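Consider the two complexes below, in which subunit A is the common component and subunit B and subunit C are the respective partners.
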Partner chain A sequence: MLRFLVRRLPSVVFVLLATTVVAFLLPRLAPGDPASVAAGPEATPEQIAALRIEMGLDRPLIQQYLDWMGGLFTGQLGESLQFRRPVSELIGARLESTVELTVAATLLMIVVGIGLGVFAGSARSRWSRFTADATNTTLLAMPPFLAGLLLVILLGVTFRVLPISGEVAVLDDPVIGLQYLILPAIALAVPMSGSIAMLVQSSMDNAWRQDYVDLAVAKGVGRRRIAVRHVVRNSLGPAVVAIGIRFGEMLAGAVVIEMIFARNGLGQLAVTSVQSADYNVVQVLIVGAVVIAVVVQLLTEIAMATLDPRVRLGV
Partner chain B sequence: MTTIDTTGGTPESAAPRRGGDGALRRYLAALRTPRGAAGAGLLGALVLLALLAPALFPGGYDEQGSGGLAGASAAHWMGTDELGRDILARTVYGLRTDLSLLLTAVPASAVIGTLMGLSGVLSRWLGAGMQRLLDVILGFPGIVLGMSVVLVIGTGWLALFASILVIGLPLFGRQARAGLQIEQEREYVLAARVLGVRRRTVMTRHVLPNIVDPIVVNAAVYMVVAIFIEAGLSIVGLGIQPPIPSLGAMLNTGARYLEVHPAYVMGPGLVLLLLTLAFTLLSNALNKAVLRK
Partner chain C sequence: MYPTGRRFPLGSAVSRRTVLGGLSALGLATVVGCRSAVQESGQGGAATKPVRGGTLVTTVASEPVPGAYFTGRPGNIFWSRNVLEPLLLLDDSGKEIPLLATDWSLSQENRVFTATLREGVKFHSGRPFTADDVVFSLEREMAGDGLASLKGAMEGWQVKATGKHTVTIESPRPLQEIVTSILDVTPIIDRETYRGLEDGSEVIGTGPFLWSEYRAGTDLVMKRNGSYWEDGLPYLDGVEVTVIKDSTAQLAALRSGRVQIANGLSTEDAKTIVDDSTYLLNAHHGLLYGVAFDVTQPPFDDVDLRHAVAYAIDRDRINNQVMGGLAGTSALPWSEDVTGYPKDLAGTYSYQPDKARQLVEKAGARGTSLQIDLHNLPVPRKIYEILARNLSDVGLRPSPRELSIADFEPQRSAGKLGPAYLIWSATAGLPPALMLDALAELRPEGNTQGYRDAEYQRLAQALIDSPDESATASRLRDLSQKMLDDAVFLPYAYTPLTDVQTSSVRDMVTGRYGRLMRAAYLAK
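Presenting the complex of A and B:
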């Protein structure tokens, strides 16, 4: 494990550092002077000049970068130009909503993806195979936002069983909170579970052809027992990795889902901040999203290797 | 029959002789499978529809009628939007916008990404540097990268084009590099080198034709991702801006009227689903044909 970390860490750290550089440079790459954007259209040249000094734009670029990085580590993230509030406070207020959504969606994705994959992988009759394949293809072709809109029309407008807009924190009121959470989580998770299911199915197809299955058959072990004890257990590896890699996509999907279901999470914050060129907020959100995606992926690789002794970390 | 056959006639040793037209024949064969034919037919119909848009809807996408948010009628088969514009016309023009993005940005991404992946041939440092660059791009969840692009160049067609192009680079770059590394170790490359064939000739005549297959399959797969990128960015309001329609932009405005006019999102939603389905079927068929090689 340590050797694996030593080998992987340099590239992970490089990616993260490069990301901070990109995020740092974004406002400076955009046309227009960040200070005059921040000061607003009616500012006088003196006000803009004063703001330039206040924002540190008069100092050397490398100094600005180091200051900004220092701020990231100490939580001094500056102030939102749009809301006139500290960025850390804004993000803190919206964090719970997005965490609830992504956690619920990840759990759903694991259950539905692996369940559907195992069903497809053990289906023997032509009809159930076809059903599994068709479900998979539909899920793969169905992006989260479309699933979201369909769910809203079906369950929110036509039948009115579940609330389709807004949210209540699950920690405040679990019953009502879950009602608000369930549709967005399904919309986010179910389309993504298609690719998980496909991976499980294809590695199960592969596992059925292995020698240890033949041996088990020869020993007279029942088919169901072989499926559970040997085939499924040996087929979940790629799915675990895929779930980890999908986590970044999950965050990206959350942006769109929050929009459709009017949830006041980080995705909404990111969108409004991009629209109003609120750089201080966007920079932090970009770095945060990349850090989470990259770290989850690394953790998945480690978990994968601990689960499966054949993967000698770093092969 | 020019290459030296050292492996006793396995499919791999036969591959380099066929070169480009062999690949083309395989792709055409893929289109004759049920999946391939369905995908190609569906895509063909959608492209045709998009091309015929000015003839079908001479009023364009922006012709305003009297009644806003009207239901289906003989004049407006799918009803009208909030400004009384024909939803069907806007959907077809939106499809045009989407196709204009997909059919330019995805090939551009495939070509540039592949060149980045192959750049290691010129110098090892360049190749390694490109891989690090691709790693960084890969670290960005798609829509986050799209947001960064929008932040710098503003919303619109160009930002979507750039986002689709950049997000796809790691997919093609890594594939090309992996293919290059496998092919470079093959006997026929070694044989050609021993015979004194120049490096560049080995690359273009022997290695490149053999890594084209996975790139073509990836391009078809990436079409689906690109559709989602356009729709994802447009649906949150960071993509194509009004009054120009795109499938994602229509979902953005339509989502506001779900309760009063559900058909508003169903038109563009259905077309988007058909477009994804077409590329999913095509990529499946191509993948199978290439694997069977």
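Presenting the complex of A and C:
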């Protein structure tokens, strides 16, 4: 595995360096001026100009980039133009919310997605197949925002069972924190579970037709053993890739679900920062999202190699 | 492929049962067996006597910006006047409520303002409040700190501490129309820690609540100031402000009992919840909506075409379809309660499409294409749709250009919008003499439309220099008539700001720049 990671290092470094350039330039190429946003609608041109100098936006771009890169290597992510607080503090304050939601939604997605996929891939009666397909279709047809709104109306307003607005850190108060987490995690995970289940189901359908299954049958191996040892294990590869991608996406911020359930995660920070042209925050979030994507991709490859003996790392 | 003719026990049956059982147990343990987050976020009842204790939870759609302490920001309304106090506060009826000043008066042809300050007041740091703090705060405001929005009207002010608890302001211009409005926007800041306001790291004032916990962009917590200058106040143990940007999510927060006051609901969402018993609508102060023209270039360098647009706008339709019927539809930018409001001029530009068509013909502008710039926000979009229909009906061909706030404002400030653009402004309701400086579209010099007119400048200056109420009334009429004649900025709606609150919140005072909760309480 170490050799695999070492071989990947140059491409990872290149991707990250390229990302810093894109992340730095992209927000600045978009129209908009953070000094004008901060100064407010009735500000005079003189006030805006003074604020631009105070924010350091009058310096040459290359100098701003080099300063930022220097900061990245020393752990200084810069200061938010909007809030005048360290970017690391803003991200740190929202990271727990996002991580909690991502972990909870991923666990649900794995349980429901793989569970449903295995059920559908194992089902042989018409009724079981129909049930699995209907469930899958329903999940696939329901985007997270719809699932979120339905849950809010049903379990938050009509039957006030669970909280629908806000959050409490699970580490601070596990009982209350988990209750705040349930509905957003379901809203986020369940629709994604449909696609995971479809992948598992189609892979299993294919796996059941493989020669090694026929061989195992010929040797008198039981169905459950074949399913668990051969079919399911060899069918999880595509689902693992999909779960990895979803995990990375959620960790970068689940904007809509955070908005519906009034959670202050990284997605909300990203939206606010883009709206107010807060370059310093946006560029760190972009780099962070790419870092997460790279790490998740590496982990996915390692997981696939572990699950499927036909897959070898780095080949 | 595995043979399917014979029924086998489902390979995953045991694990599925185990998984489902485990999930059910986890769900039950979480939802039923333990404390309930739903029950812990309850609402108050119907007591009418002040009740001590409790935490009032509020929500805003915009982030609190502690660095914008000398201006009005929607995100600051629930904390600013509870941590930082001004000398006086103007409530939503215009009544002057004394806070750090106990008494004040004007003299020398209204050019000298003298205030007597409250004694025994201490900052949250324990330092006594004196006249020097007032001088310091006003000087910082005149220097433009705290994004001061009215500093232009303070030009030439001399502020002096004439005693430990007496302050005078000497102005080259009469103060009777503007001084209380300026003091209303001016909280007294602590000269030892005021730099902490920029990032919210240290916010020290004299108010009934202490700035306790702050997470930039998400929430802040204020705790009761046990050393507040008025014995027995405040009643509440604390006030929390949480940021919820989405109107629907604010609605959910209200319905679920998480918050007691929401500022940022759309008119449509507010209507679904307000029932005048459990949920109440607070309408106060206002936003001014209007269309401005770049008069330096065709087609709006032609006053006939500007008049045509003025007659083409269906203000009632905008009010009914966009503002929920709550707006005023005057053609003047002033609120009706300002001194000498020329009521008879307010309806100058009623909806007259035939007259508008004639004016378009007269200007030779039939079929002219024109771009209208607007914010990419829901309300301006809805207004544009109506406006575009109105203008198309009279022979013009409008097209929109939507811009983000970050893109719109610098172009507006630099006078690069147009030829027409839609604005909204929180300066509505300010005295006209202040609006002439605060609202960029009305500035006699350096306005955003490239409008340079010696007569307008003379009339505006005359209003600013007005020595008394009677002169103010006649000068405001003259200026208003000139504005209507030249039509470089056409207001079409003056709509109140709204909050929705639960009926359990009592005795909160609504000011232009914030809610005062020093005597507020939650009915049990």
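Descriptive notes on the structure:
Here is the rule we use: the second predicted complex is superposed on the first by the 259 of 315 C-alpha atoms of A that agree within 3 Å, B and C clash if a C-alpha of one lies under 4 Å from a C-alpha of the other, contacts with A are read in each partner's own complex, and residues count from 1 in each chain.
The rule is short, and it goes like this: a residue touches a chain if its C-beta (ideal position, glycine included) is under 8 Å from a C-beta of that chain, and two chains touch if they have at least 3 such contacts.
From a predicted model like this one, the values you see are computed outputs, not experimental measurements.
In the superposition on chain A, A:115 contacts subunit C only, with no contact to subunit B. In the superposition on chain A, A:61 makes contact with neither subunit B nor subunit C. In the superposition on chain A, contact is made by A:277 with both subunit B and subunit C. Look at A:248: by the touch rule set out above, it reaches subunit B but stays clear of subunit C.
When subunit B and subunit C are set side by side, the one touching more residues of subunit A is C.
Within the superposed three-chain model, A:19 lies in touch with subunit B and out of touch with subunit C [touch as defined at top].
Using the contact criterion defined above for the overlaid structures, shared-chain residue A:152 touches subunit B and also reaches subunit C.
Contacts of A:259 after superposition: both subunit B and subunit C are touched.
Within the superposed three-chain model, A:160 lies in touch with subunit C and out of touch with subunit B [touch as defined at top].
Common to the subunit B-facing and subunit C-facing surfaces of subunit A are residues 149, 152, 156-157, 164, 259-260, 271, 275, 277.
Note for the complex: subunit A touches subunit C at residues 31-45, 47-48, 50, 80, 82-85, 89-90, 93-94, 111, 115, 118-119, 122-124, 149, 152, 156-157, 160-166, 168, 175-176, 178-180, 182, 208-209, 213-214, 217, 222-228, 232, 259-262, 264, 268-269, 271-272, 275-277. Within the complex formed with subunit A, the residues of subunit B that make contact are 132, 135-136, 138-144, 147-148, 150-153, 224, 227-228, 231-232, 235-238, 251, 255, 258-259, 262, 265-266, 269, 272-273, 276-277, 280. By the touch rule above, subunit A contacts subunit B in their complex via residues 11, 14-16, 18-19, 22-23, 26-27, 29-30, 137, 140-143, 145-146, 149-150, 152-153, 156-158, 164, 248-249, 251-253, 255-256, 259-260, 267, 270-271, 274-275, 277, 279, 282, 285-286, 289-290, 293-294. Here subunit C touches subunit A in the complex through residues 1-4, 7-12, 16, 19, 23, 27, 30-31, 34-38, 40-41, 59, 63, 65, 67-68, 71, 73, 144, 147, 149, 152, 198-201, 215-219, 242-246, 248-250, 252-253, 255-256, 258-259, 403-407, 409-410, 412-414, 423, 425-427, 438-440, 446, going by the rule given at the top.
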